[in-house]
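Presented sequentially are two complexes of chain A, the first with chain B as partner and the second with chain C.
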Partner chain A sequence: MSTTQRILPKNVSAADFDAALGRFRETLGADRVLVDDEQLAPYTKIMMSADKEDHIPSAALLAETTEEVQAIVTVCNEARIPLWMIATGKNLGYGSAAPGETGQVILDLSLMNRILEVDPDSCTALVEPGVTYQQLYDYIQEKGYKLWLSVPAPSAVAGPVGNTLDRGVGYTPYGEHFMFQCGMEVVLANGEVVRTGMGGLENSTSWQVFKWGYGPYVDGLFTQSNYGIVTKMGLWLMPEPPAYRPFLIQYPDPEDIEEIVEIMRPLRISQVIPNAVVIAHTLYDVASHRERKEFFTGEGSIDREAIERIKQDEGVGEWNIYAALYGTPEQIEVNWKIVEQAFSKSGKAKLLYGEEAEQASASFGYRSDLMRGNMNMQEFGLYNWRGGGGSMWFAPVSQAKGSETRDQTELAQQILGKYGFDYVGEYIVGWRDMHHIIDLLYNRQDPEETRRAHACFGELVDEFSKRGYGIYRVNTGFMDQVADTYGGAMRELHRTLKQALDPNGILAPGKSGIRL
Partner chain B sequence: MQHTTTLPPRHLSAYRLGALALFGALLLPTMASASEPEAREPAEVYRQVCAHCHATDKAVGPVITNAFPEAAQESWGTYIQLTARNGRAAMPAFRHSEISDAELKALSAALARGELAEDDGGEE
Partner chain C sequence: MKLTRRQLLRNGLLLGSAAPLTMAAAWAGQATPSGSPVHGAISLYGVDRSTTELGLGLRQKGWTPHYEGRLDPLALNALPAGTLAAGFTDEAGLVLLTSLLKGRGRILALGRHEAGRHHLLSHRGAVDAGLATEAGSWQSALGREYARLALAGTGKRDEHRFQRPADAGGRELSFLVRV
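Let's look at the complex of A and B:
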């Protein structure tokens, strides 16, 4: 970087930073210490409404081994240099690969990309943070293992470690990814390496099969946090079932969300429908393959007339449920009858599977892929809906109860409408909860629209949390605001843990609102 | 451990393994050594990364496999490299650690020459 534009870590002098960079080069080699503008440019691409100037790194370090991570941490402790860790760096719409604060040094773990073990008998894997889902998928295919992954929508370019640590979700029965994580290796801020669960035993045979180990269970401390650097993670893989039936249920009216959720909840809790089901609104469904301007060119958010036209012309429901059955053909037939019976009572639902579903819905193919953990990034078509590269995922949690779902939908539509944005939303159904996922799409190349999106997102956070609807995950521009909604006692507990585990505050200061 | 692998070779070809600063007392053994740097073929990079959005049947991003006239290949290749590194609108930026300079250069040249055009897309 040029002298006049040089970005430094907060409270670190240029001389001290240069000295630290020298030490990083001794450990990593000059090629893996990035300081030039051109090299750092990819780390500054963001989709959120925050000011780009607030998220520029001073350098990026490319570690290849746990020992190198230890060495980096030691230098950072001595020179008080803040790190911002990324795995594959594809947390798109949540901050991507950019640091939480300008001046932080990116610790890029994408070169730690070894698949250390896949056990086809126990159906487990142990991987490093840089392993992408595509890489793991290819490996499993190459070996001929009958194992399925669970992937989020960015599938191929994202990876299991980063996604799980940010508590992301997929769409298979293993869709709640942190639930299916088992064992970690973590570099602590003091340079020590700890293996969680059963991993502390030398020659442990059960690190990837038994989560709890002995004593307090600590893996959760290293998710959505800045208490350590996860350098290895175990996860469970789903055995390929003998049969698979993805299906689609369409409902025509806005208020139908109540009926859908009331029918779905017992089916999910009893595991008749075992996967992380999606209930997608008209606009979420159509936006993956069509553009907004084809249907609406007026001012403000898309109107009801246009939504009705989309439903009519595109054969899309107001609500579109994508779910699947897994097991033997006999099990699937039995469960399908239960599903059919449950959803046929009111006469409003249209149930489809196989070719009928494929013909009815342009999204069915990619949804079917995601519900079996295949690589498919079709959902990124959402970004073409409005264009301009602005996207922020607003992600409140809802109980799986119809009345609450209707309230959340209406509240979101009202706030988005006030700012002229569209409700492009879906629910991802857990067992008893649902992730209400709304993509706030805006034109990031338009400064006025970007400011409006920023204000809109802030109001969504405020209004939802006031009603008891907490946000489970947020982009790096809104971490403090969301942390505040969980109360002072929780923030203080997080801070106490930070002081104990990272007394110099070198690991991702500000992540999830946590600082010294 | 069984089924241990060192794949795929995504390390930067220019990289060398630096002298490791080891902190012995706290060090736990690792299970695999770093793989040898090796560049992926353009077709493999395209399949693993680009095709998910740019393939004709995905249409999330524009088709980028059409051949350019010879005189324009170099400038088109440069444009591809800049776009991959910086992102553009909704397209994410891809870092040197994900696609090495050597891989990107070979990829952009292959794309500009139309070597990765899809057979069934009628795009050639």
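Let's look at the complex of A and C:
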């Protein structure tokens, strides 16, 4: 099969699009306006169950400055050309760098990669959307600042702006990234530039330290949305603590999740354990460094016997808790005693840290890195678990309550099992909530399996929503379905805002289910 | 694929010190009839026999493969613009490779070689070869096809599936890119 037809934006003629491309070239230069198939190919790689023909861009534009973004928006408004914005384009498993719909023009901000300021006293940074965590990490190391980042699993190649705008999470005490964002510069659909929070004042000294500014707080409007293009963002950085103790707690049985969460909740709310804790299931733990076929080659989802064998061979628990303590050595000793006491009561938990933990678990090293914001890419190994290039993150939120967690786990395992997929899941524990993160891994080269994965994901969304478990983030193929679960009134509000801020609907139509 | 940056680098160094001798020996005598390469250098990634064979195919068609060891997609950033690269990797490597080429490189062709079939995706027009093994292995046939695509002008996307013996080994992923 071959594709020979030129892909034009919807309702835009070839002549009008050519004219627009000409104007883009005037602004950016020819080498930053990509139209060849082989240049656009990286923007077509998807891992979700959608048809790849539905996610092909008409072109990609590489902007380097806010002024260039303004000029592009002006042209798109005149010609009614839809844009799809990406920062570093590493939203893997959520749509990657591909457009939400075929015929959109990618506005790639990865060349806007300046670190504008890092203040080691206030522990803040101001960065552009193309800055990667690795870049910021290297900068901080070079300067010798005692600051830590909070990074998601694909840390080195992803960036703080894109991750925060999609409301991603990390694993340090600053793990809820949007909570630690402060101030934005945004290009609106009409080409105007607005600075949020304190940024509207000339020479503001508090843009990166005081979030709220004056009047309605609007930063949230530019997350998971299509109301503007964020071209600068402030974030808070964690001061390096004098001491750090990552640790591992293993539990042996499926039902133990209830006990774990009941013990963990008060420790998290009181900040005895301050970081975004991970409770990883056996399969999530092993899938980052082993392949499924080593343990199971049968039909359907991996069976209980194989899971037990993995636990035995790998020395992992059914549930594996990765958490850390931060502070002075004295604080850590005090808090460790509290943790030890809390988790020792039932006699089921195995608590480990230091060399003992490293020897017990192949994942402890990379988890320890993530909990201090070090660069690590171990979780790319998940893609090798089943092979075939299919991956969709299913991400419902739950209360940090044991009964709810057990219900979610069992529901997910039941639905995944029905379709023959594995439960490769973990919980990331916030202050009172948990992000339940499941990687639906499947062979995208097999059309039947891809259809099954699609149906499975749809059923997960439906069934979780029926029980009141909302999805916090989803790939571009399921954005409308998830938006529906939050109700018609919310969708209408989103649409009304879209109408007001982007009356021509040129910014990422369909993002989070929002369009005119 | 070793996945931490540290591991990637360490692994690359280890393999880089051990493998080229055998690779060089395998390629000896495979130069073009005129005795000199025709087209120039191509960086070659991978660590097993498939990579050796791919290199043979490229060399037969006048390219000079430079063996670089296991693919570390992050290391591609350091290659000079315009460098051609080919080889084999795993699923994680392919995800990272394609993602890192965004805005800074070109994907000329990708191949999935699984039990029972080959699936080739070209962004340089039609794929010609059926990866026939009469004249050697399918990997060397792939090398010859990649050699041809490396010289082809910009074309449209083309996908082609070829049969592969069901017992011909596990899944392998190949690539031909220009950074």
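Operating definition for what follows: the second predicted complex is superposed on the first by the 512 of 516 C-alpha atoms of A that agree within 3 Å, B and C clash if a C-alpha of one lies under 4 Å from a C-alpha of the other, contacts with A are read in each partner's own complex, and residues count from 1 in each chain.
Throughout what follows, contacts are C-beta pairs under 8 Å (C-beta built on N, C-alpha and C of every residue); 3 or more make two chains touch, one makes a residue touch a chain.
All of these numbers come straight from a predicted model, not from anything done at the bench.
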{"item": "When chain B and chain C are modelled together on chain A, clash or fit", "value": "clash"}
{"item": "Which of chain B and chain C A:Q331 touches, first, second, both or neither", "value": "neither"}
{"item": "Which superposed partner A:K90 touches (first chain B, second chain C, both, neither)", "value": "both"}
{"item": "Touching partner for A:L28 - first (chain B), second (chain C), both, neither", "value": "first"}
{"item": "Touched partner set for A:T74, first chain B, second chain C, both or neither", "value": "first"}
{"item": "Touching partner for A:T223 - first (chain B), second (chain C), both, neither", "value": "neither"}
{"item": "Touched partner set for A:A41, first chain B, second chain C, both or neither", "value": "both"}
{"item": "Partner chain(s) touched by A:S465 [first = chain B, second = chain C, both, neither]", "value": "neither"}
{"item": "Contacts of A:S204 with chain B and chain C, given as first, second, both or neither", "value": "neither"}
{"item": "Of chain C and chain B, partner touching more chain A residues", "value": "B"}
{"item": "On chain A, the residue positions that both chain B and chain C contact, one per complex", "value": "34, 38-39, 41-43, 45, 47, 60, 62, 89-90, 92, 96-97, 108, 110-111, 156-157, 289, 375-378, 380-381, 383-384, 387-389, 445"}
{"item": "Residues of chain C defined as touching chain A within the complex", "value": "1, 3-5, 74, 90-92, 94-96, 98-103, 105-108, 112, 114, 119, 123-124, 126, 154-159, 171, 178"}
{"item": "Of chain A, residues touching chain C in the complex", "value": "1-4, 34, 36-39, 41-43, 45, 47, 60, 62, 89-90, 92, 96-97, 108, 110-111, 156-157, 288-289, 366, 369, 375-384, 387-389, 445"}
{"item": "Contacting residues of chain B [partner chain A, same complex]", "value": "1-8, 10-12, 14-23, 26-28, 30-32, 34-35, 48-49, 52-53, 58-60, 85-98"}
{"item": "Residues on chain A engaged by chain B in the complex (per definition of touch)", "value": "25-29, 31-32, 34, 38-39, 41-45, 47, 60, 62, 64-68, 70-71, 74, 88-90, 92, 96-97, 108, 110-111, 113-120, 126, 130, 132, 134-135, 138-139, 143, 155-157, 185, 191-193, 195, 289, 375-378, 380-381, 383-384, 387-389, 391, 444-445"}
